[in-house]
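Next, two complexes with subunit A in common: one pairs it with subunit B, the other with subunit C.
Now for the complex of A and B:
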């Protein structure tokens, strides 16, 4: 990237039309993200007709700022009402909600927004400096590598639910089992569909997630063991208070989260959803106080939420450099780029470097905008917790129904949500954690598809998973993560005499 | 006070008059367009462009809804089962001609009112840029010389891409199992596999391969078509190279549930024709590498029925039909 391109890009971005598009997108994203069930993908798809009438850079800018804000705002209902806005925020919704239950909703929200913005800025910086190089590495990833990555993601469930790993594992298997419903991608065979057309399309994780977290919480509110979040104890709340101190205390968490998010987000098709889970797991693994996790502890929250937004920026790396979208949002954005005659690819960087530079710059502006808008959102969210319980419960229910209906515009989604809510309530009242179910549901299809693809390519030879260099490296990491704790336990239980003989 | 009442009554009358007049003309409220494929794909992109144009011309919102799942099946069945009042339409693809043969009823061409086709892009054979073969004939020779070594992908097993590639091999008297099919969720993950050097061939439209071709990672060898494409005039076709007849031409067309009101179908067909002649729309389609290939209802119906006959026959030969 040359200085000329940089200055040219500055000239393109700092124009009223672009800045208004960014601001408008951010406000719209804030609104969509804060409503549970309405996703960043949906927000982007709704924007497409509008972009027909816009110039290329404002068109992309509005998509960028909408998604950055929507993903960040998805943490708000998670922290306040235990409704994760996105599958990514499901990784740490327990953590932020327990913080709210302790009366620290302000801190939970501040972490969500402050560290999201910083993570997003880091991701944008990486995109600017090393986008093309990272994309080239990401292009080396085939189904073999994706398989190991998905497996690594699944293994974090043991870390997320360390209170009772056995129950966590059962929850995970339940999630994977649910993910097998529908037409299987390999042979087109219907599985567990009982002749229902709707079930052939599979059980999507958005209504399941809303049901298991939010509806289950509502159901629990009617039981005797109900616990409610206390109202903000101060009339004057100061968003972002203490964030600087947290930044000083956990700089490594931020750095690790943001770099994990960037690395995993840059891989097409896996993206930000997985990175938040892995970041949360890694944070717990390397924490000096792992026992505090799950009780409203800042550390994991910082790491996961920063990786979330870093991954969002990084998903644009393969999209811009090779036209391979990393997720549904970038898929739509790639379409818009093509429509505007800005065909993504290395040629875009060579022939017209100001354009990709200007696109990346909109990331900076959008993420910087998170600070003031997030500040307002936190100020406003005080009113949500101030609403009496008997009013907020119907509102949560409406949100649940609206969100699960909106995903496909069918009542089927609402039905899934209701069933998932009851199942989630039963699971939780018997000590089974919910987060691993969602993890299994999200990663199950990725794992299965890549396993089958790989087996077909390797003609059924399992050693194929170790034949490619990156795959072998990832495979060794996964195997050692799984085996080392087991071996160390075995060695500890061996009689001293046999140990000394070795 | 009295004057206010009169004004209100007049306003009410005006509104009723307006509503009454509008009642005669479809559409008088928002129309839903169902897309059976995910947001961001080729079908979605073209459907949104058509919907935006319809909205501009007919003055009512045309909302695109993605009903994905089951290889397009869920969305197609949703279109077929919608009330036939003209307020739920959809964009259908060539898979509608294959579901019945796969043993899944409910989304056959007879279940739809075919309004018109707006796009048809042939499948192409794509390989890695550094592949040792520079023509499709050399690729086929390599498949023959080394059965099982050249893996191909582009869609689910039994999907159109699979059928196109296996059908080509079959036409050339090569056992389709000599080039095993790797099931993928679509062309994007298949192209990723190609770029990562895990597979050797991707059967997908040139538009979907274009980004990686321009990036110097892949090259397109030939189109599976009877005639050269106006968008890619330099690409040879397998029909001219091998003197065969094999053109499984995927289409995208506007459709509704069976027995739509005749006036609605006529209005839509006329508008669709105008849209496909619109320079803005053509610029958009061209920009993304999609061809504009309009067919009216009758021609479209014939195309669908012809490709169904051909595809089902090949599916039987390849053992993909039930």
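Now for the complex of A and C:
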């Protein structure tokens, strides 16, 4: 990237049309993200017809700012009502909702927006500096590396989300099992569909997520074991208060979350969703106070939420540099770029470096906009907790029904949400965590596809999973994650005399 | 609702057996050893092992609360009615919503639930009517979700 390209890009981004597109996209993203069940992907898809009438840079700018804001705003219903807006928000919804239950909703929302914005800025910076290098590394990944990476995300979520790892793994297996329903990812054979045409399309994670988190929470709210978030002190609500102190206290968490988000988000086909889960798990593993996780602790929330938006920016690395989308949002954006005659790939960087630079700069502007718009969102969200519970619960349930319906515009999604809600309530009442079910459902197809492909390449030899250097490194990390807690438990239970003899 | 670990372990063991048997019935892909049955079989085996562990934990603990602990639902009857209304309302909605439309269904579901939960009638009526109108407008008009409108005339 040359200085000329940088200056040229500045001139493009600070045109009124681009700035209006960014602001409009951010407001639209805030609206969509804050409605449970509506995703950033859905928001982007709805924008495509509008981009027909726009110039290339405003068209991409509106997509960038919409997704950045929608992903961040997805934390709002998560923190206030335990309804995660996105699969990535589900990684830390327990943490933020626990904070709300303790009367710290303002802090939970502030962390969600403040550290998301910083994570997004870091991701954009990395995208600008090292995008092409990261994309080249990511392109060297084969099915073996993707398999280990998916397994790492899944194992981390199972291990960190339950006191009893066996229950965490059962939840995870249930999630992967649900993901096997539908057409088989490798051969296209129908599997566990029981003759239902709708089941052939698989079970979507959105209604499952809404049911397991929101409906289950509503059911628990009716029982005597329920606890409710206290109302905001409306007189003294100050968004972002104390964020500076948290920034000074947990700089490593922020840095690690943003780095992990960037590295994982840059992998084609994996996208940013996994990064929040891995970041949350890593944060707990390296924390000095892991026992506080899940009780409304800032540390994991900071790391996961910053990795969330960093991953979002980094997902554009393979999309822009090689034309390989990292997730559904970038897949749509790549389509828009092609439509506008800006074919993404290395040639775009060589022939017209101003354009990719301008696109990257829109990330900076969009993430900076998160601060003022997030401030307004926190100010406005206090009204949600001020509404009496006997009015807000039916409103939440109607949102759940509509959000589940909107996935395929059929009542099938509502049925899935209902069953998921009952199952989620029973699972949680008996110590089984919900988060691994959702991640298992999201990552199950990636895990299976890469596992089957790797088994075929290695001809069934499991040692083949360790033959490539990066795969071997990731495999060792996965094995360590699985074995270290087991070994430490065995050592803890050994009699002291036996330990001293050794 | 707490369920004894022996029942959970047993139910999960049965599920894992069903998964393995179901996977055995899946057709194999010609020319390859690793077909659609591999992943479900592995899931079934892993779940089977873990379910035995949970069953043994239940055996060792021998909970004094009985096989099912429903203590959190005992006492006042209103919460039970609310939970039943919620679940039955959503289940009925799967059948009724496409027929009677969202505005009517939304009112019939939300208004009684608000009253059951102890909301003042005037608040419940205003909130449920406002909710239905706003939700129908946002989803159907702004987001182009084809929500069934039903017989109730809408202002848009």
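Here is the rule we go by: the second predicted complex is superposed on the first by the 481 of 502 C-alpha atoms of A that agree within 3 Å, B and C clash if a C-alpha of one lies under 4 Å from a C-alpha of the other, contacts with A are read in each partner's own complex, and residues count from 1 in each chain.
Here is the rule we use: a residue touches a chain if its C-beta (ideal position, glycine included) is under 8 Å from a C-beta of that chain, and two chains touch if they have at least 3 such contacts.
Quick caveat: nothing in here was measured; it's all calculated off a predicted structure.
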Joint occupancy of subunit A by subunit B and subunit C, clash or fit: fit
Partner chain(s) touched by A:176 [first = subunit B, second = subunit C, both, neither]: second
Partner chain(s) touched by A:334 [first = subunit B, second = subunit C, both, neither]: first
Subunit B versus subunit C as contact partner of A:15, first or second or both or neither: neither
Touching partner for A:45 - first (subunit B), second (subunit C), both, neither: first
Which superposed partner A:480 touches (first subunit B, second subunit C, both, neither): neither
Centroid geometry (CA): angle subunit B/subunit A/subunit C, rounded to a multiple of 10 degrees: 80
Touching partner for A:186 - first (subunit B), second (subunit C), both, neither: both
First (subunit B), second (subunit C), both or neither touched by A:393: second
First (subunit B), second (subunit C), both or neither touched by A:295: neither
First (subunit B), second (subunit C), both or neither touched by A:456: both
Minimum Cα separation, subunit C to subunit B, after superposition on A (Å): 7
Those residues of subunit A which subunit B touches in one complex and subunit C touches in the other: 186-187, 409, 452, 456
Complex contact set, residues of subunit A against subunit B: 41, 44-45, 48-49, 52, 139-145, 182-183, 185-188, 190, 197-198, 200-202, 268-269, 321-325, 328, 330-332, 334-335, 338-341, 343-347, 408-410, 449, 452-454, 456-457, 459, 468
Residues on subunit C engaged by subunit A in the complex (per definition of touch): 1-3, 5, 8, 12, 19, 22, 26-27, 29, 32-36, 38-40, 43, 46-47, 50-51, 53-54, 71-75, 79-80, 82-83, 86-87, 89-91, 93-95, 97-98, 102, 106, 109-111, 113-114, 117-119, 123-124, 127-128, 131-132, 135, 138-139, 143-147
Complex contacts: residues of subunit A adjacent to subunit C: 35, 38, 46, 166-167, 169-170, 173-174, 176-177, 180, 184, 186-187, 189, 191-192, 215, 218-219, 222-225, 388-391, 393-395, 397-399, 401-402, 405-406, 409, 411, 414-415, 417-418, 421-422, 425-426, 429-430, 448, 451-452, 455-456, 460
Subunit A-touching residues of subunit B, taken from the complex the two chains share: 32, 38-41, 44-45, 48-49, 51-52, 55, 64-71, 73-74, 77-78, 102, 106, 148, 151, 153, 156-158, 180-185, 188-189, 191-193, 195-199, 210-212, 214-217, 284, 287-289
